[in-house]
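Report on the following structure.
A, B, C and D are the chain letters, set down in written order, and residue numbers restart from 1 in every chain.
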């Protein structure tokens, strides 16, 4: 394995981990509500921007990060409460348009609360590169990978072991049955927005020291996260993670070995190819039509 | 000569045989009923006979054409129409338009004609509308000629599906539990309707739980159990077949127990 | 006779024609004409897209790609290679139709969100090609386009374009209304509601989906070609993902499965930014809020929701019927 | 402070909508003030250009009015957000010309937007001062179109001259997805030969990309690269710079004038150390010698901007300053807002000291800057310093 390949792999993993976190956010909301939340990228933005401004007023990371995540979660809850909940029963496309409206609204709000410039965030633990097998990686990338892993483990514990998590999972499988079993489906929906907003914010905070952040950083990350979620199979947690990592690695490998100008196009061609053969993504539910 | 010939038909879902090694013939002009307990594979069989499912093995020959592996619309093109147990009404249209959709195969025209609405198409549309209305009256929906599909009661929707299927001018019509969910009066009215279909030259395959209806209209009965043929023959014979009685009673008891859990 | 006027095909078309004919009374300068032309061009795209989304029930998040191919096809052939604009437009349209047909077959096998993803991917790929192949396309900065000339007569100026686009919009609406009320159009609506239900009456669902896809792509491509000639300039912004979203939003905003809804959606969402421009910093926020608010309170879109309100008002005295669903 | 201002903006917005309706209703509005029209990418991908540009215009229109206006008339700024969208730019330009009836247009943050409106301003015969970079804007010369920033070709030349002096001949290029990036890439490839430079690697990255190590690794593994040039603006170059240090590329890194602001150093952090780029003297205002004729202008603008907006100055805002001041200067010289006279006056500008350098317009040069306007800067100790 050449150092070059290792470098592409490490880079792909880091980028992919961020896509995975965003994709997980998409999947959680999709499971609870069947809504593709196009404002998911804005949670990423809020996480990064809120941390930047909290650090700027002198808070330490340990305080700023939880506060920023909480802020994003609140926005997520508000989005559910004031935009998605009132439109219950509307068609899926209508709900999608509502979330697109929300994403424009949040971006507009961000330009007013903050500004339109790019902001840097200091790496959590320095920025001296670490060399692994001839390739280098920033300490912040290790944070990205580590936290993503921790988040994935925590989520699988949450959905597998806790009552609330199981309730959310049950709702995604069969809303009516869940309701009959006494699960407060509305509450599950509400919480899922909070949870995926928090996830998005975590992604935004982790990546900000590497890429800088700004009011519209969520547009592209949201798009890539959506692509990753679809590649993996919308609604599947494993799918979101695998889809994210696969997308990240595909992009860097294409940039490294094929053409950097067409790396995004190559990634999308591969996604299309996968969907042609596996119309529900890599790990999606095979939905048969009941007649 | 049979109208529909099914040879050694099987359908597996995962490891489960929903339909297994099933063969039978349906002669033209009869009412052919398929009965059996829940989960016997009746609806799966209808889905196979309309190309919605592809069989794992076996052949389906209709009017001398081997239709195995064809798409549902090709089955329709050859003259097989059906209704659904879970209604597949087009709720985004009026009742009349639902029936007009059934006329699609006779009426279809080139894209250019459709976009430009040629006089010929306009005339055909007019005729189509008349014929659809006529069919609605025939199935007893004269009160719903200007209704939207999503504003109609359940019983009327069942009839609407029959009218839509008839509009395709089928040779064979598959009715999947037409009486399910109907009140006794509505169910009674169905007898006459189904009985009259053969008079229009339509062969009928009836899947139904309502034994009174089945015994009243059927010429021939096929009994399924766990995807296999349990019995087959003229209605009177099948009615007294001990195997059938046992299967029904046995599973009936089991089903009752299931319900009470 | 009265009943005929009330039908969408004749009555609605007539109403639209009257609006187009009378609107210039309110258009006091070229800027207003410009907005009207843009509304018309967007409306043509949306009327086509609505056939796909509203009637056939197949989402597309990549139609800006077809719009862009139309625009760039015309631009490159007419401006770079000196083709007569009409020939360039025709060739481009045919090429786009062929492309839509080829990719439509595999893509439209996908359903729901996966279809959304695939069309989005298609749009992104077209966008990448257009921005990267700058030798032909001028890259991100775009290229200039010669004015539309038909046999020596050069179409220039907002007023002429207003009437051309107005007439073409009428034609587009007329074609769409015809299609919807034809056997093929009913087939589209049928497969939207129940694909199996449609198939068992003999409708080849896949073929019809592709047909709707191709028609909507052609509408988008023609509007793209026209927009390129009208503006005299085209940049990849009109090919981008966000423009695809904009187009879908117009359709849904105006009302899915309503041809006049598509026109209204295009009109409202094209003019809204112009009205909101005065709010400066608040423009974006207000735009998002208007979008959200409208869809929350009128989930079926503006035109169907208002029509329903109007109808139920009229019906209230007689009976409480007609509020199904 | 900020929220209050925002609320005022909101009220102004409401008032403006009311005014729009009033205009639609046909009410006559007195046209006393001199109207400066503008369309800028205040939101969208190029917001970091449009934002300081708009702020600068607002600030200085206010200041000029406070000082009594021009020709005894007040200035009125009519500015729209074109969000980097050429179509919007076109529509807003029509609005400026037809509806607002402005006297001169200063705007156009990006080349795409500028190029899209050129046919309109040429047809309407209204002076237009563009704030965008590419050389195609003024080459060939368009009668009514001027531009303020140095061209991308000049930036390439300035960089290549510096490389030449350091005896570099084999160079790698990495560029972003925007119009600025692509245009500069093209210009650099064009003029490289002239300076004996061989471009032996040519990589690009995409919009919103979060990591460029793959491209840089490729460059790193290209044998013989002596220097790397990054053509781009926005967050891309900051990420490139960080990744550059991360994977340990040791040859010098050049950035373009597209990141000429203190923000770049903030974003790239310690990784920015040693990066060179060509930029106007504005960035090193304080370190200019007292004798430098440009010092007064750049120090003045920097102080004014930074004290007013509490954020650091960029050369982009500087271009807006230059554009406004040249427009004002031309109107004064013309003695009226007669468009043809103002145009001629702009073309006649000589020796005008702006933040970008000395402007010497002529009928064949509608930018008026030469290479001397560019200074080669290097990041040292977390700040821009002049390369001697």
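Things worth noting here:
Here, a contact is a pair of C-beta atoms (placed from the backbone, for glycine too) under 8 Å apart; a residue touches a chain by one contact, two chains touch by 3 or more.
Just so it is clear, the structure is predicted and the values come from calculations on it, not from any experiment.
The minimum number of touch steps separating subunit B from subunit C is 1. On a Cα centroid basis, the chain most remote from subunit A in this structure is B. Centres computed as Cα averages put subunit B at a distance of 72 Å from subunit D. Mean C-alpha positions place subunit C and subunit D at a centre distance of 36 Å. Once the centre of each chain is set as its mean CA position, subunit A and subunit C turn out to be 31 Å apart. Chain contacts: subunit A has residues 111-112, 219, 223, 261, 264, 291 touching two or more partner chains.
In subunit B, the residues that touch at least two other chains are 52, 84, 88. Residue positions of subunit C touching 2 or more other chains: 132, 196, 281-284.
On the side of subunit A, the complex with subunit D involves touching residues 4, 7-8, 10-12, 14-15, 18, 111-112, 115-120, 122, 127, 129, 135-138, 207, 210-212, 214-217, 219-221, 223-224, 251-253, 255-256, 260-261, 263-264. Against subunit A, in their complex, subunit D makes its touches with residues 6, 42-45, 47-48, 50-51, 203-211, 213-215, 217-218, 221, 234-235, 238-239, 242, 245-248, 263, 266-271, 311.
Residues 50-52, 71-73, 75-77, 80-82, 84, 88-93, 97, 100-105, 107-109, 111, 113-117, 121, 125, 128, 148, 150-151, 164-165, 167-168 of subunit B touch subunit C in their complex.
Note for the complex: subunit C touches subunit B at residues 175, 178-179, 181-187, 189-190, 192-194, 196-205, 211, 215, 257, 321-322, 324-325. On subunit D, the positions that touch subunit C within their shared complex are 6, 9-10, 12-17, 19-20, 24, 26, 42-43, 79-81, 84-88, 90-92, 94-95, 97-99, 110-112, 115-116, 119, 134, 136, 177-179, 181-183, 186, 204.
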